[in-house]
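If you scroll down you'll find the structure; I have some questions about it.
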Amino acid sequence: MVVLDKSRRVVIKLSGKVFSGEDGSEIKRYASMLANLSSSAKVQPVVVAGGGRVARHYINIARGFGLDEASLDIMGIEVSRLNAKLLIAALGEKAYPAVPEDLEQVTEAAASGKIVVAGGLHPGQSTNATSALIAEKVGAARFVNATDVDGIYDSDPRKNKGARHYSEITTKQCRDLLSGESSMAGGYDLMDIVALKVIERSKIPTVVIKSEPEVIRDVVLKNKAAGTKIIVGA
Amino acid sequence: MVVLDKSRRVVIKLSGKVFSGEDGSEIKRYASMLANLSSSAKVQPVVVAGGGRVARHYINIARGFGLDEASLDIMGIEVSRLNAKLLIAALGEKAYPAVPEDLEQVTEAAASGKIVVAGGLHPGQSTNATSALIAEKVGAARFVNATDVDGIYDSDPRKNKGARHYSEITTKQCRDLLSGESSMAGGYDLMDIVALKVIERSKIPTVVIKSEPEVIRDVVLKNKAAGTKIIVGA
Amino acid sequence: MVVLDKSRRVVIKLSGKVFSGEDGSEIKRYASMLANLSSSAKVQPVVVAGGGRVARHYINIARGFGLDEASLDIMGIEVSRLNAKLLIAALGEKAYPAVPEDLEQVTEAAASGKIVVAGGLHPGQSTNATSALIAEKVGAARFVNATDVDGIYDSDPRKNKGARHYSEITTKQCRDLLSGESSMAGGYDLMDIVALKVIERSKIPTVVIKSEPEVIRDVVLKNKAAGTKIIVGA
Amino acid sequence: MVVLDKSRRVVIKLSGKVFSGEDGSEIKRYASMLANLSSSAKVQPVVVAGGGRVARHYINIARGFGLDEASLDIMGIEVSRLNAKLLIAALGEKAYPAVPEDLEQVTEAAASGKIVVAGGLHPGQSTNATSALIAEKVGAARFVNATDVDGIYDSDPRKNKGARHYSEITTKQCRDLLSGESSMAGGYDLMDIVALKVIERSKIPTVVIKSEPEVIRDVVLKNKAAGTKIIVGA
Amino acid sequence: MVVLDKSRRVVIKLSGKVFSGEDGSEIKRYASMLANLSSSAKVQPVVVAGGGRVARHYINIARGFGLDEASLDIMGIEVSRLNAKLLIAALGEKAYPAVPEDLEQVTEAAASGKIVVAGGLHPGQSTNATSALIAEKVGAARFVNATDVDGIYDSDPRKNKGARHYSEITTKQCRDLLSGESSMAGGYDLMDIVALKVIERSKIPTVVIKSEPEVIRDVVLKNKAAGTKIIVGA
Amino acid sequence: MVVLDKSRRVVIKLSGKVFSGEDGSEIKRYASMLANLSSSAKVQPVVVAGGGRVARHYINIARGFGLDEASLDIMGIEVSRLNAKLLIAALGEKAYPAVPEDLEQVTEAAASGKIVVAGGLHPGQSTNATSALIAEKVGAARFVNATDVDGIYDSDPRKNKGARHYSEITTKQCRDLLSGESSMAGGYDLMDIVALKVIERSKIPTVVIKSEPEVIRDVVLKNKAAGTKIIVGA
């Protein structure tokens, strides 16, 4: 068993958007970057895949049939695991071959030293919160949250042109900003409260960045300023 | 525990096409028909859902990444189980709430007397073959294979206008027709050899029909001639 | 299978304190009340047991050994399941005999019509949040959160004599009050943010009351005003 | 984790006959050969054990009690796993210690670099078909089907003295020959249709040989012409 | 769910000999008697099947290969579960359809009100001890141990013609008699020490009788004196 | 996979007392000794943790509620597994991270070469008996039973001042001494009959010593005479 220094583990949450294309080209780009991180820099990526377009498809139909929200969460998790399998297929031998389904399986998978790719773990928990818990469990040096926007703003920058971007934000400020967010299954975004609390209780260095392979690579390898850095505290 | 007379069980294989729409309207139509069968006629439907469009999406991408065919089969099965969940959601209280994942779970689910909805069970096995095995295991009175065409032809009627339709066909003739069929994951169609052998060894009355709610209802309730009846023998 | 009208299901979260005594007398009192609810009033209680003193014992020691917070959550869950077993033993034939370990098992257990007793389900999720998810999944008519204090105050009434008690509070006000709360494993209290979001998304009628058998009985049977009623909205 | 070059993996299907003796001497002979293959030639054998005499014993009795064919298949699989355990015991430290029960477990077991011994995996699937699927999943360089006769004939050589032996046969010819075969549980022989399709879809080099330790060794190590080579194509 | 009065449950341990015949005629005789008990007398039989000839076959071969005794126990348990499946097949609809594999599954199975058939449960535990534990767990009114001889003797009656038969024996006397017994896997006989302790701690009325369908029926229905009654105490 | 010479494995049973303190200091002392054994002397400790004070707490309350003895055993096992988790937390990277729950998981865990920590495995089996079975399964060179007293006496030395201490005892003498022992869950002590039989059938070198870290270390490393050595035979 290869035991990699825990501090080389980096948890990377990939937005479901990566998996929403009609073909696999986008996934391939991320796989190349991850394989590159894994081999050149002795980083061990632990990836959490989102559900994306297919998850929304199933959730919307089932919600129309009156399925309860907790069961909808479970459907979203199952799709995110299929997405995780695609990324594992694209990574080939570089990846741990199975998708872990709870924190203990994540630990086992991480012990292999290979790239680990999980999907969601539990209903009622966003993939952000799951990623933070995984970072805590595997003792990750960093949690990189790759999203659709280039960091945290004081309002939604896709709707509000004058939204202010933070290069740094405290967890306290973050909570204030996000306290209005809704949590219908499939509607999670950026950081949520559970993720923030986990980051706080275990003091996990966290950044929120725009999801692009090069941006992720630069943050992980060069700690290059991009997106928003989350500071634990008031 | 409601023990329904085994002979009231009918296994219905639903093509993945039912689940390939952008919304849930098609699924809803099938759910109404199944609920109707279940309540008015004391039939217990045991449904096997195919993978359809979403399954092909995952399989095509993963095959492009070089994933082996057996693992592709597993992805297709996982999507068919998500489809099964949609149908269960649409059926509400009429359906057994979980998707059984092996023959023993199918037996348990069927013992509830409710409508059972499964997806695929095993890699290397088409949903046709799986449906035949399920029919065998639950002692079904009939196996109704609802497909994209209205029965078995001597060549593909979508390509060949002069293709001859059978109103009855022996399993032996069937085998001769189908011996050229390929079995890439996602490419199964109509009856395959394993399904035929199971039908033969357990003498399961089988029909291949066009998948339309009314056609299925008429076959199940009125045994109305539609599609192709498969006769066990030479 | 006895199918009880879903709307008769009431989720009751019992504080770990109920299970913290040296003997079983306190548990016995709650069991009598639950058995009584179950038989006289055609209510189906679905109980979630907290971890209490024994959970804190294990968590404190293991935290001293440097165990990560996610693993500590898991220990707390395991103790809460042992507590659930004690309550099941006290209830005898009135209870579903096993402790469900995920939402699907809760659904199955609830389908028995008997009193269901769960513990925690997932790491990173308070028993409050778990209770709200369970209420959502089983379609409960009500979520009764039985705690150490007699409802929600604007500050901790055990520390601040002048704390103001709410007889009603909106989920929005609740979130504002609770946004400062810490989430070390074992330190959850009253409602937390995840629980509130689940209550909001599924509009679950919720009360926070002081944990006393008679208080719980009166709220469930007579809807008698006690504690704090949570109103979904701003 | 020892990662062996996939192309050194050879799937060897052992007829149930190997396990049908009153004592373990026959199993011992095969174990010696396998251990020898494993150490001297850097081949990683992945073995699939058949059910043999004991499987037929259980299947015959249970069929007499009216048990359905799918359940009989499961009994046969369970006996084949007991046989696999005997071979593992005979191999000692050379073998992966557990019998894998699905394709994912086979993958994990094969990753150990040790000799893997499986039994059947799924009802409705012959051990030939299972072996072909395993060959596909582990990326085997070869599939060696060790049977009771020394290759494929145009009719049963045990019944027909003039039966013609093939030194090579195409999958297409094979299908024609075998299309008449019956599939009562326990009655599978040589290649079946599912196995052939898997061989075709993944172009797995396959030989059918007489089951003798030296014959297997010579085929694996020296690629020595023996039995029948199956050529993918028409 | 049919809840049968617990006190109607009778645990019957069937010697592996019942399952050692070449055909199923012996099993059929026991199945008729059990079905009869179950329907005519409102007794719920909970049967524990031994391993018999086939278990000894596997154990002897594997012991010859140097397999450890604990693993041999596991093989014996697996064969006893195959035997249990045969009896379930012979009982048809009268039996709970699955073989329970731990005490909690036994409880669930027994809750169905049907005849339950288990095999062994744990390595290191004879089927006698397992039967006593099952009797304890399901609250059985009686434990009937059907063996190859007609009760307990002061020495082996098959070897010693003058052996004295007990019509009653205390658990204390029993322990003295049996303290010399060896416990190689497959060599358990009559009562063993663990079984005796369980009988003592839960005061389970126990008889050891000769295994014949009529003898079992008479003991269960008429409490007719046969074999040896075990008295709890000194 | 590190394959450690089996003969370096030593099974150490730790009394529940080690885990009964209010804080973790006692556990820490044992962890240091075990880590030390593991690194300096190339011994692989395989530890079995008892249930101790917390187990008795749950068992006493549940017995008061009338729970059956088999279910009480299960509660005790669950507490012993929580204790095992504490020791694993204290050992950190030196320990296999999960608590194995059956003999096959123990084998897998032991294959890691790390310190393995199990709790109980099966109801109806003392942790002594479980330890002996584990010693058998992993091919341990020794079984060290660390208890509350410094070896085996001819009567309870805590009650009888004149009790005679054995420096060596045969398994036969042991059985005679212990045949009066009761087996209420939670009341097992020293060796029991099942443990003795396992020791006999697999000839496992065994010592019973007073549980002190230095005493255990000296016995394991220097084979220093302490406590009672158990001799297989009459």
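Labels for the chains are A, B, C, D, E and F, by order of writing; each one numbers its residues from 1.
Definition applied: a contact is a pair of C-beta atoms (placed from the backbone, for glycine too) under 8 Å apart; a residue touches a chain by one contact, two chains touch by 3 or more.
As the structure is a prediction and not an experimental result, all values here were calculated from the model.
Between chain B and chain F, the least number of touching-chain steps is 2. Copies chain C and chain E of the same chain sequence form an interface built mainly from non-equivalent positions, shared numbers / all numbers used being under half. Rounded to a multiple of 5, the Cα-based rotation taking chain D onto chain F is 120 degrees.
Centroid to centroid, with C-alpha atoms defining each point, chain A and chain E lie 54 Å apart. Note on chain placement: the centre of chain D and the centre of chain E lie 37 Å apart, centres being C-alpha means. Centroid to centroid, with C-alpha atoms defining each point, chain B and chain E lie 43 Å apart.
Multi-chain contact residues of chain E, defined as those touching 2 or more other chains: 1, 71, 104.
On the chain E side of its complex with chain B, the touching residues are 1-2, 93, 97-98, 112.
Every residue of chain D that touches chain E in the complex is listed here, in rising order: 22-24, 27-28, 54, 57-58, 60-62, 64-67, 71, 75, 78-79, 81-82, 85-86, 89-90, 92. For chain A in complex with chain F, the residues that touch the partner chain are 1, 3, 104, 107-108, 111.
Only residues 68-71, 74, 103-104, 121-125, 129-130, 133, 136-137, 139, 175-176, 179, 182-184, 193-194, 197-198, 200-202 of chain D touch chain B when the two sit together in their complex.
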